[in-house]
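Consider the two complexes below, in which subunit A is the common component and subunit B and subunit C are the respective partners.
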Partner chain A sequence: MSNSKLYKGSLTTIILKLLNEHDKMYGYEITQKVKALTKGELKITEGALYPALHKLEAEGLLDVEVAKVDNRLRKYYKLTETGTKETVNKLEELAEYIKTMQALVNPKLA
Partner chain B sequence: MKLTKQEIQFIDHYLIKNEVKYWDVRLELLDHIVSAVETKISNDGISFNEALLEVHRGFGNQFVEFGVSKDKIFEKGLYQSNIGFKKFIKQKQKEIGRKHRKTYWKTFLPFISSIRFFIELLVLTIVTLIAYQYSIKVGLFVAMSGIIITEFTKLFYGGLKKFKTKSLNMQLAISSSLLLTQMPYWLIMLFNWHYEGLEMKPYYILFILFALLFVFSRHSLNNFIKIYNTYNERYQLLTT
Partner chain C sequence: MKLTEPQIQDLYAFTRQHFVEHYDLQTEPVDHLANDIETQWQNQPKLSFEEAKNKAFKKFGVCGFMDAIEQRAKAMNKRYRRYLWNELKNWFALPQIFATLSLFLGFYLAFSTFYTPILALVFYGIIIIWAIYKGIQLNRQFRRRKEISNKKWMLEEIIFRQSGVTSMVFMSQLYNVYRIPEGFITNIYFIVGLSLAFTAFVIISYISFEVLPSKAEKLLNETYPEFCL
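Up next, the complex of A and B:
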C-alpha cells in the first residue's frame, strides 16, 4: 500500500478514523485525504484500499450510500453504529501499540 | 479538469473489455478511475492516455513495455493484463458472500419468530394435512411445493432482466437456489433408498425435513427481496 509495510496493519484503523471524522467518504477521496494528511508520505493503493473497505462493509462496520455525481454513480462509505464503537477500540489498540513500540525503540521518551 | 462524456464512456468500455462485466462492481471502479484520471491531468499535467495507463497499473494490472513500440503503449498497456481487476472481483465476491451469510443468520431468529412467517407456515401445514387425507404422495407434493415456489420466485426475479444477471450481488443472492430446488427430490430418493422394502415407511420424517427446508428457504427469499430492492433502486439511479 505505501512506501512502508509498517503501515499495512493499521489501514483499517486509518479508514475508520477518517470516516469517524467525516460523515461519509468515497474510495478515491480516502486515498487523497490520507495522502494530504501525511504530506504524501503514505499512499494507499487501490489494491489495498478496496479489499479493506469491502471487508469492513461485510463485517457490518460500514454502510454504503449510492448517489449520482457527474453522470455516474458514486459509492459513499459511512460508519455504522457498530463501526463507531469499533473505531474507539481500534484507536485505543493503536495508541497502545505506539506506546509499546516507543518503549522498545526509544525508552527515554516512553 | 472534468472528463468528457465520451472519455467516461471509453473508461466504461475499457473496464468491460477487461472483463469487469458486473455493473455493480464497475460503478465503483469507474468512479475511482475517472476521479483519479481527472486529478492526474490537473495536478501532473499529463494526457488522458498517460493518466489512465497510470491508474490502470495502480490497480495491480501488470504491463511489460519491453518490445512494445511507443505509439502502441496505451492500447497494449490497457489490455495486456487484467490481473488486478480479477483480484478485485474475486475479493469482492468473497466479501459479498460473507455479508450475505452474516445478514442471513443475523435476521434468522427475528424472521422465524414473526407473525407473518407463523401464518405462512400454518397455512402450508393445514394445506399439506388436507392433501395428506387424499394420499401421502399428494401431501408430500404440497409440502415440497412450498420450497419449490420460494426458490423459483428467487430464480425468476433474479434472472429476469439484464440488470439482475449482470449484477454480482444478485448472482450471489440466487446462487443457492438451484441446490435448494433439487434438495426435496434428493431427500425423497435418499428416503426411499434407506427404507427400501419397508411396508410402512415413516413418511413423517420427510414432512419434518420439508418443513425445516421451507424455514431456511423462506428466510432466504426474505433476504433476497431486500437485496433485489437495493440493487433495483441503484440500477434505476444508474440508468436515469
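Up next, the complex of A and C:
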C-alpha cells in the first residue's frame, strides 16, 4: 500500500478515521487526502484501497451512495453506525500499539 | 480539462479488457482512472489520453483490478447467502411453517413404508429434473436481461446462474440415496433424518430457483444504488 510495509496493517484504521472526519468520500479522494495529509510520505495504492473498502462495506461498517458527477458515476462511502463505533475501537487499538512500540524503541519517552 | 463521454466509454472497455466483467465493479475503477487522468492533465496538458490512462492503471499494481474483484466476489456471495438465509427463516415462521411441517410429514410417511429406497430415488429424481429445468430457464433469463440492459451485475449473475450451487451439495449425494443399507429403512432415526434432509433440499432449491430470482429487481435495487440510475 505504501512506501513502507509498517503502514500496511493500519489501512482500515486510516480509511475509517478519514470517513469519520468527512461526511462521505470516494476512492480517489481518499488516496489524495492521505497523500496531502502526510505530505506525500504515505501513498495508498489503488490495488490495496478498493479491496479494503469492499471488505469494510461487506462487514457493514460502510454504506455506499452513487451519484452522477460530470459524465460518470461516482461511488461514495460513508460510515454506518457500526462503522462509527468501530472507528473508536480501531483508533484506541492504534494508540495502544503506538504506546507499546514507543516503550520498546524509546523507553525514555514512554 | 475533463474527460469526454467517448473517453469514459473507452475506460469501461479498458476495465472489461482487464477482466472486470461486471458493471457494478467497473464504475469505481472508471471514476478512479478518470480522476487520475484529469489530475495528470492539470500538470501536463499535452499528455495523450492513452498515455495518461496507462500511467493511471500502473498505480493499481501488478494485480491490476484482480484483488478488488476477488474481494467483491466474496462480499457478494456473503450477501447472497444472507438473502438465502433470511428466506429460509421464513419457512420456520407462520404461516409457511405449516408447509414445512406438511412437507416433512409427507416425506416421513412415504419413507416409513417398505419402499424407502425406491421412493427416495423417485423424489430425488423429480427434484433434480425440476432443478435442471429451472437452471436452464434462469440461465436464458439472465442472457435476455443482459442483452436488454447491456450490463452484467455480479449479484444478478449469482442469483440467476449460481442458484443451483446449494442444491449441488445435495445432488452430490446421489450415490448415498441409491445405496441405502437395508437395515437402515426400519430405523426411525434414519427415516427422520432422511425426511429432514429431503425437506431442506426441497425448500432450499425452491428458494434459490424460484423465490430469489423472482425478487431479483428488489434485491438488486437494494444492493446497488446505481441500479436505477
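Here is the rule we go by: the second predicted complex is superposed on the first by the 110 of 110 C-alpha atoms of A that agree within 3 Å, B and C clash if a C-alpha of one lies under 4 Å from a C-alpha of the other, contacts with A are read in each partner's own complex, and residues count from 1 in each chain.
Here is the rule we use: a residue touches a chain if its C-beta (ideal position, glycine included) is under 8 Å from a C-beta of that chain, and two chains touch if they have at least 3 such contacts.
Bear in mind the structure is a predicted one, so any value in this text is a computation, not a measurement.
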{"item": "First, second, both or neither for A:Leu73, with subunit B first and subunit C second", "value": "both"}
{"item": "Partner chain in contact with A:Gly27 - subunit B first, subunit C second, else both or neither", "value": "both"}
{"item": "Touched partner set for A:Pro107, first subunit B, second subunit C, both or neither", "value": "neither"}
{"item": "Which of subunit B and subunit C A:Gly60 touches, first, second, both or neither", "value": "first"}
{"item": "Touching partner for A:Pro51 - first (subunit B), second (subunit C), both, neither", "value": "both"}
{"item": "Those residues of subunit A which subunit B touches in one complex and subunit C touches in the other", "value": "26-28, 32, 45-47, 50-51, 54-55, 57-58, 66, 68-75"}
{"item": "Residue ranges of subunit C touching subunit A (in the complex, touch as defined)", "value": "2-5, 8, 27-32, 34-36, 39, 59-65, 67-68, 70-72, 74-75, 78-79, 224-226, 229"}
{"item": "Footprint of subunit B on subunit A - complex, ascending", "value": "26-29, 32, 45-47, 50-51, 54-55, 57-60, 66-75"}
{"item": "Parts of subunit A lying in touch with subunit C, wherever the complex brings them together", "value": "26-28, 32, 45-48, 50-52, 54-55, 57-58, 64-66, 68-75"}
{"item": "Residue ranges of subunit B touching subunit A (in the complex, touch as defined)", "value": "2, 5, 8, 27-28, 30-32, 34-36, 39, 55, 58-60, 84, 87-88, 91-92, 95-96, 98-99, 102, 234, 237-238"}
